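Chain lettering (A, B, C, D, E and F) follows the sequence in which the chains are written, and residue indices restart at 1 in each chain.
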Amino acid sequence: MSIRTRHLEDYVLGEARETFGRTITETDIVVHAGHTGDFFPHHVDAEFAKTLAGGQRIAHGTMVFAIGIGLTASEINPVAFSYGYDKLRFVKPVHIGDTIRSRVSITDVRPDPKRPGFGRVTEHVDIVNQRDETVLVCDHLHLVESKAKPA
Amino acid sequence: MSIRTRHLEDYVLGEARETFGRTITETDIVVHAGHTGDFFPHHVDAEFAKTLAGGQRIAHGTMVFAIGIGLTASEINPVAFSYGYDKLRFVKPVHIGDTIRSRVSITDVRPDPKRPGFGRVTEHVDIVNQRDETVLVCDHLHLVESKAKPA
Amino acid sequence: MSIRTRHLEDYVLGEARETFGRTITETDIVVHAGHTGDFFPHHVDAEFAKTLAGGQRIAHGTMVFAIGIGLTASEINPVAFSYGYDKLRFVKPVHIGDTIRSRVSITDVRPDPKRPGFGRVTEHVDIVNQRDETVLVCDHLHLVESKAKPA
Amino acid sequence: MSIRTRHLEDYVLGEARETFGRTITETDIVVHAGHTGDFFPHHVDAEFAKTLAGGQRIAHGTMVFAIGIGLTASEINPVAFSYGYDKLRFVKPVHIGDTIRSRVSITDVRPDPKRPGFGRVTEHVDIVNQRDETVLVCDHLHLVESKAKPA
Amino acid sequence: MSIRTRHLEDYVLGEARETFGRTITETDIVVHAGHTGDFFPHHVDAEFAKTLAGGQRIAHGTMVFAIGIGLTASEINPVAFSYGYDKLRFVKPVHIGDTIRSRVSITDVRPDPKRPGFGRVTEHVDIVNQRDETVLVCDHLHLVESKAKPA
Amino acid sequence: MSIRTRHLEDYVLGEARETFGRTITETDIVVHAGHTGDFFPHHVDAEFAKTLAGGQRIAHGTMVFAIGIGLTASEINPVAFSYGYDKLRFVKPVHIGDTIRSRVSITDVRPDPKRPGFGRVTEHVDIVNQRDETVLVCDHLHLVESKAKPA
């Protein structure tokens, strides 16, 4: 974790990075069930899960999202803040023992028409497993200060 | 948690429900930081947080989302599955001691043009605090089997 | 979780329900040891556990009880409250990977001689594993308001 | 934690001990809710809890029991094992910040008529708070080997 | 856990004890990563860990230390307190499934030249695995009251 | 977290850095007690803690150490590894609500006389609270590859 001040003008379209990996464990699923109260049998009942497509428990979508985004949280930009996500999609299930990492690329940088002195930066996040298969995608939306002060 | 089979035709536009409440505690924030690896000082450094707008630590956006969605996970529909979220927005910060609940309403029900025999149901989720202020919104997307079998 | 108001007169002897299942994981045992401070080697020392009958670590009895009862906590009855348990017995050990579920049946409904306007309802709880073997039983005791107001 | 071999004949009626204390924290309640899946608003919704008698969240009964019993788990007796509990009663609510300790006394020692070479020892457990008020009681049942071998 | 008052004069050079064992689980590693914020891939990325000497994830050194010392925390001496550690060394890696125990021996007892009425007691701690291999060593330093009051 | 290859020759005596801060919460203490099994009343019994010097529960020394070191774990050096600690001292108690950060400085860099091609780097770690008071110090020891290959 480090601090790096980046204004709107400092973001470069297409700029990309990849995070470290993290193995999704049975512990993570048990912790997430307890953290969110979602004890659906798809996540916590190994017997029931034998009837699912993959034949085993699957990670909560909200967990793959939260951990995958957590992996990207390595740099604090004091002139930006995250205001939401678009097009969050669960592409493939994540099972116990899968190792995920996140690929982030800047896909949109534009002034904010309604907020002079600010712009919007979109980071596309592609969470992949150890076979390089995409398991979740989303667009992470940031409001960023512009160097150009409003008139 | 209960099982309730609902086909596409069973979803009624405008149908709404509200979940139980849950108080967001310091424990939840510490657990979420450890669960996701996001130890940004906005969440875990009370001294730093004194410099923020609200003067105190704020809950992770991914946590408000995961817990708020967890609150809605009360009914298993065997002929539906969640495939993603749209327009997830962090509207207001959540602080330690705030109590959130989720309001869910059906805002869209339509056949899936690409997948005969299936349709798409959108649930709008409005997570509110104890002052009835919206803190997070999103559209929860479901793929649901239709009673009408494809020709 | 839902709210369902049931007075003493609404309970029917013999009425039964079965909960969803939950797989008891190594995580649950580690969490329970840390939650209760019970680090007996039967639960947390895999080498020692090789000398036990089943040859492996066993779940804490208090945990099988707490999780098995937690599984039954799906309905809030505002005119009832739980005041205790009788005849709690550990019938069979639970090992890592076993999946438990709880079967609940109403075995006693009677007016409370000492508290006019109230009665006592006994739920027999039978916690079973994936082989349908009973692992724990207990009688869950409730004090419930009667519709008949005391004279 | 230590090992102390005690046969049936070594248990003395009336023998008593008191455990160390432990403060019940908000963390314990959040952990127990997540561990058991019991998110009843009495435990996790501070707003709802304002409407309760004490005006605040109350600890789960199963948690007070599990932690109170955990406090007593200081000595391993290789010739005894716990087989259940009787007359478990929730006497008073436990709130966040209360400090509990357990008082244990031997209230019954008798040969087991059905299992020659074994006897039954009952420990009465009285869990008290910092005001010395009993919050939970139960009888802890043990099967203990006798020195006298069966004929 | 018990209380045992031991003054400086009560410590005997060479006196030794061995703790109970505890199996280090995947859960412990996930919990420690989240507790400390250390998500180095050596601990949490099973794919990366295949490239390490042992071919698998290794326990955090700080965790082996904290749990190994925790195992020794069985006796409270009201006239002593721990003030530090010397020569803490990671001797061998600990993997998931290894069972550790701690061997403690008194290796130094001496008056404290600067603090009349107090002395220093060194406990050498040797944390071993299930193959009796030392995995971590350290010297645990205590300040202990002397029976001999300062002149 | 990032990767930065630094050989022995790249370490500069006196080079210093300071980490982000982290508030030590009641949750951390409860988690650490459960993680290590150390439930000494100094840490988990608020009533007993009133009799201590500071009048309140104190954080476990092993926790302040593990979290303080965790804060420094921001950079992976593939040609170095941590082999231990020296002169670990608990200087001041840490209480619930204190915010700690770690100051690290290179205090020794030298070839390893016994292992040609390697050297030893000592990082002095000074963990401070929000009042800039040192609460814990230690010397973190690393074995680092030299650019100069052994003859």
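Miscellaneous remarks
The definition used in the following text is that contacts are C-beta pairs under 8 Å (C-beta built on N, C-alpha and C of every residue); 3 or more make two chains touch, one makes a residue touch a chain.
The shown structure was predicted, so the numbers you read here are calculated from the model rather than taken from an experiment.
Of all chains in the assembly, those touching chain C and also chain E are A, B, D, F.
Summarising the inter-chain layout, the chain whose CA centre lies farthest from the centre of chain C is F. For the two copies, chain E and chain F, the CA superposition rotation is 180 degrees, given to the nearest 5. Note on chain placement: the centre of chain A and the centre of chain D lie 44 Å apart, centres being C-alpha means.
Separating the centre of chain A from that of chain F, both taken as means of CA atoms, is a distance of 30 Å. Averaging Cα coordinates per chain places chain A and chain C 38 Å apart. Across the assembly, chain B contributes residues 1, 20, 22, 26-28, 31, 35, 37, 39, 41 that each touch 2 or more other chains. By the touch criterion stated above, chain A contacts chain E in their complex at residues 20-23, 25-28, 31, 97, 99, 130. The touching residues of chain A, counted against chain B in their complex, run 1, 22, 28, 31-32, 35-41, 60-63, 65-67, 69-71, 73, 76, 82-90.
Those residues of chain A that touch chain C in the complex are listed here as 26-27, 30-31, 39, 41, 44-48, 57. Of all residues in chain E, those touching chain B in their complex are 31, 33-35, 37, 39. Within the complex formed with chain A, the residues of chain F that make contact are 1-2, 20, 74.
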